[in-house]
Amino acid sequence: MTTTTASVRRDDTSTTEVASLPPRPDPSRRRPQLGRPLGVGLVGLWLSVLVLLPLAALTVTSLGDGVGGFWDAVTAPVALASLRVTVLVAALVAVVNAVMGTLIAWVLVRDEFPGKRIVNALIDLPFALPTIVASIVLLSLYGPNSPIHVHLNATQPGLWVALAFVTLPFVVRSVQPVLIEADREVEEAAASLGASNWTTFRRVVLPTLAPALISGTGLAFARAIGEYGSVVLIGGNIPRKTQVASQYIQQQIEIDRPLNAAAVSVALLAIAFVTLFVLRVFAGRSQRREEDAQ
Amino acid sequence: MKTSTGARLGLRTIALGYLVLLIAVPIVLILVRTFGEGIGAFLESIRTPAAISALNLSLLIVAIVVPLNVLFGVATALALVRGRFRGRGVIQAVVDLPFAVSPIVVGVSLILLWGADGWFGGLERLGFKVIFGLPGMVIATLFVTLPFVVREVEPVLHEIGTEQEQAASTLGASTWQTFWRITLPAIRWGLTYGVVLTIARALGEFGAVIMVSSGFPGVSQTLTLLVHSRYIDDHNTYGAYAAATLLMGLAVVTLLGMTALDRKRRTT
Amino acid sequence: MTSTRRHPRLALAAAATVGAMVMSACAGGGASDTVGAAADAENAAAKTGTINLYAYAVPKVGFDKLIPAFNKTAAGKGVQFQQSYGASGDQSRKVAAGATADFVNFSVEPDITRLVDAGLVAKDWNANQYKGIPFGSVVTIVVRKGNPKGIKDWDDLLKPGVEVVTPNPFSSGSAKWNLLAPYAAKSDGGKNPQAGLDYIEKLVTGHVKVQPKSGREATETFLQGTGDVLLSYENEALFAERSGDPVEHVTPPTTFKIENPTAVLSGSKNLAKAKAFNDFLFTPEAQKLWAHAGFRPVDPAVAKEFAADFPAPQKLWTIDDLGDWKTVDGTLFKKDTGSIAVIYDKATS
């Protein structure tokens, strides 16, 4: 990269000799042509038609019967139950992910064993695998034909497994790079000062990992509350027990109640936004702290 | 942290055990069940006319979605990085939106916008069918894959800065020349990585697509819909396993591509 | 410069790869998901039209036999079918909302009436001697093999701890039949509606825990281990038993006659072919195929032939005994006001 820059610079000086040519506009003003009004307008239009308009239609429909109608639709017992199941299961899965994800990342970074690279590649599989395949795959082990006689079909543990499967990469992949870069000398210093492993982990390692850990967990949570494909076959769709919000929404569309579907959709969106917003604020703060420290 | 061998082995066992139970065993099992009846049975099952059409449709959607995402994704990334205009923050937020929206909610929103009773329902009366047609499935897939290219290209653009582009334009290169010769080569790996992610997601999308597809086998059934319809409507568990294995194969190819690209992206 | 010039080519190569992926995607697609079925492309030369079929979820097994048979007739030669199956009400709403259909088969008449009201189906769709109904069934009770809970009649469903699987009546036609059967039995054919509703209320509030969207999804839910009892079509029960699933069915002494109508859309691009197909369904040949697939034929001669396969219950109520579909749908199932709809809403919202 540096060589190209150098050669371009050399050309640059040679062209200045022919200064009699018609004056070129100031390069600093020409620079961002690609991002100029036409482009920005087009991008804005694209994003609006693709993303904003559908969501606007959703919001307006959800308020079709006024705020009261919206509130009734969201607080109908089964709707509320589906939201509760969704949030509780997603929270549980996020916590499991936080613990197991950190552990797996630690093993992948600090441990050496044959086949480690395969295991490392395996982590990304849930990202690449279509969610409906995840559902089928898990059913083959934990479903009605289970060879180990574990039947999680149509139970909450079934939901846990499905969601843990699809959200596995989030924490591992956010914690791993931080662990790789973490300064092991500090850990060793702590250990030489007599700190136990647990203390070292809690006082030295964990604070370094915290931002990555929180963001990974948050992303896993956000993904889990919206998940549909992986729970559709294993979840059982039992109202008040295993029906998650996305299943409830789909059911409401099928029985021709778009208003209920739209209202619960908006509620689900709101939960996801709040989660991501909190994460962003948190990330911003820890970044600032880091910058202050430097 | 100096861990004793025992502790290290313990942690390793827990981590690997978790992965084995959650991922490895189920996948091995489904492969055993798919190929247990012989490779011939598998091939036959994924070569029924409906399965071939489903594969073709999935690839067609990918072929439409990828160029659009590349075009608008790069344009969006350029606007975000190079542009100084009001509303940049809004665009940033909108690009991230699809990550936060459940696929089912995507489907519902599209029905409410494009469906016969939706805001743009008039189009349908003019004969342009979006919901229950290919356009609906393409739009749904575009929605869920929107962020990938933008988010992969954006950091690269930040990193390369504008020096070279400025130099090129000082030398009299046109905007397009600058883009083709300077910008595009610089972002190529990030862009390709974004494309691979887009392909993976487009092939695998289920929730948003099932809401807007008419689900005709041979016409509007994608591979993921085929898996679902075989499992539920046709009572054909083996067929569902076989189709799932095919999708899994595609996913593994994507994954290998991702790993290879990731290394490349970091070294260049 | 040479090094930079290579890169546009790289982008082109990437685009070409995607293109090639699509091109190389094998030809030979089609609608059939049967192993070894000929691809549509092979028949393309003889292709004489396409019929878009929208049907409720369970008669797929029947159409799988009937479509090839129709293709063998003179009228049906080379006709292609695009088939979509799902919950009856859901399918009907999709067609009403603009999905392109030529031929429809729903579980219950109101789902066709919706299309008549929308101007998509001619008013005289049910003018033939069988009232537009080529096949039917009866409501049965499906239990686990060996009938561990000893279910024999409607009252047994109300025993403590019995969990019943039946689909959601707002999307499924099957669900309406399933609820009409005990309703008619308990209300003595509608003479004592309160008794019928009392039973339905106890059943729905105390024993129905899941709401699959279609009859087929209900079967799948049951087969995967949820519930003790599945209410379903007799044909669906036979289908599950013949597929070797560990279930058996009990037809209660008093049950309900299921009549599944078909119709042709008046705006169909292939009206003649769609009509020919609809007429074909009533021929003795087709009636026998329905019977083989587990559906009760309507042709009296064919019905007689298969009498042994389809035992007559002691008492079989019909929709006409309760009035007609319009009244039944209005008083029992109408969203927000129908008595059963209200019970369902109360129990499930």
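When the chains are written out, they are named A, B and C in that same order, and each has its own residue count from 1.
We adopt the following convention: a contact is a pair of C-beta atoms (placed from the backbone, for glycine too) under 8 Å apart; a residue touches a chain by one contact, two chains touch by 3 or more.
For clarity, every value in this text was computed on a predicted model and none was experimentally measured.
Under the contact definition, chain A and chain B share the contacting chains C.
Across the two interfaces under comparison, B-C and A-C, the one joined by more C-beta contacts turns out to be B-C.
Of all chains present, the one whose mean CA position sits nearest the global mean of protein CA atoms is B. Farthest from chain A, judged by the mean position of CA atoms in each chain, is C. Centre-to-centre separation of chain A and chain B, using mean CA positions: 15 Å.
Centres computed as Cα averages put chain B at a distance of 34 Å from chain C. Between chain A and chain C the centroid-to-centroid distance comes to 39 Å (mean Cα coordinates, whole Å). Along chain C, residues 4 each make contact with two or more other chains.
Annotation for chain B: residues 231-232 touch two or more other chains. The set of chain A residues that touch two or more partner chains comprises 4. Taken together, the chain B residues at the contact with chain A in this complex read 1-3, 7-8, 11-12, 14-16, 18-19, 22-27, 29-30, 33, 72, 75-76, 78-85, 87, 91, 94-114, 118-119, 139, 142-143, 146, 162-172, 175, 179, 183, 200, 203-207, 211, 223-224, 227-228, 231-232, 237, 240-241, 244, 247-248, 251-252, 254-255, 258-259.
The touching residues of chain C, counted against chain B in their complex, run 1, 4-8, 10-11, 14-15, 18-19, 21-22, 25-40, 52, 57, 60, 82-86, 94, 97-100, 216-217, 219-220, 239, 243. Interface residues of chain A, counted against chain C in their complex, comprise 4, 76-79, 143-144, 151, 153-154, 236-239, 241, 251, 254-257. Here chain B touches chain C in the complex through residues 44-45, 47-56, 59-60, 62-63, 66-67, 115-117, 124, 129, 131-132, 180-182, 184-185, 188, 191-192, 195, 199, 214-219, 226, 230-236, 239, going by the rule given at the top. Those residues of chain A whose C-beta lies close enough to touch chain B in the complex are 4-5, 8-9, 11-12, 15, 24, 27-28, 30-37, 39-40, 42-44, 46-47, 50-55, 57-58, 61, 100, 103-104, 106-108, 110-111, 113, 119, 121-133, 136-138, 140-142, 145, 147, 161, 164-165, 168, 184, 187-188, 191, 197, 200-201, 205, 222, 225-229, 232-233, 245-247, 249-250, 253, 258, 261-262, 265, 268-269, 272-273, 275-276.
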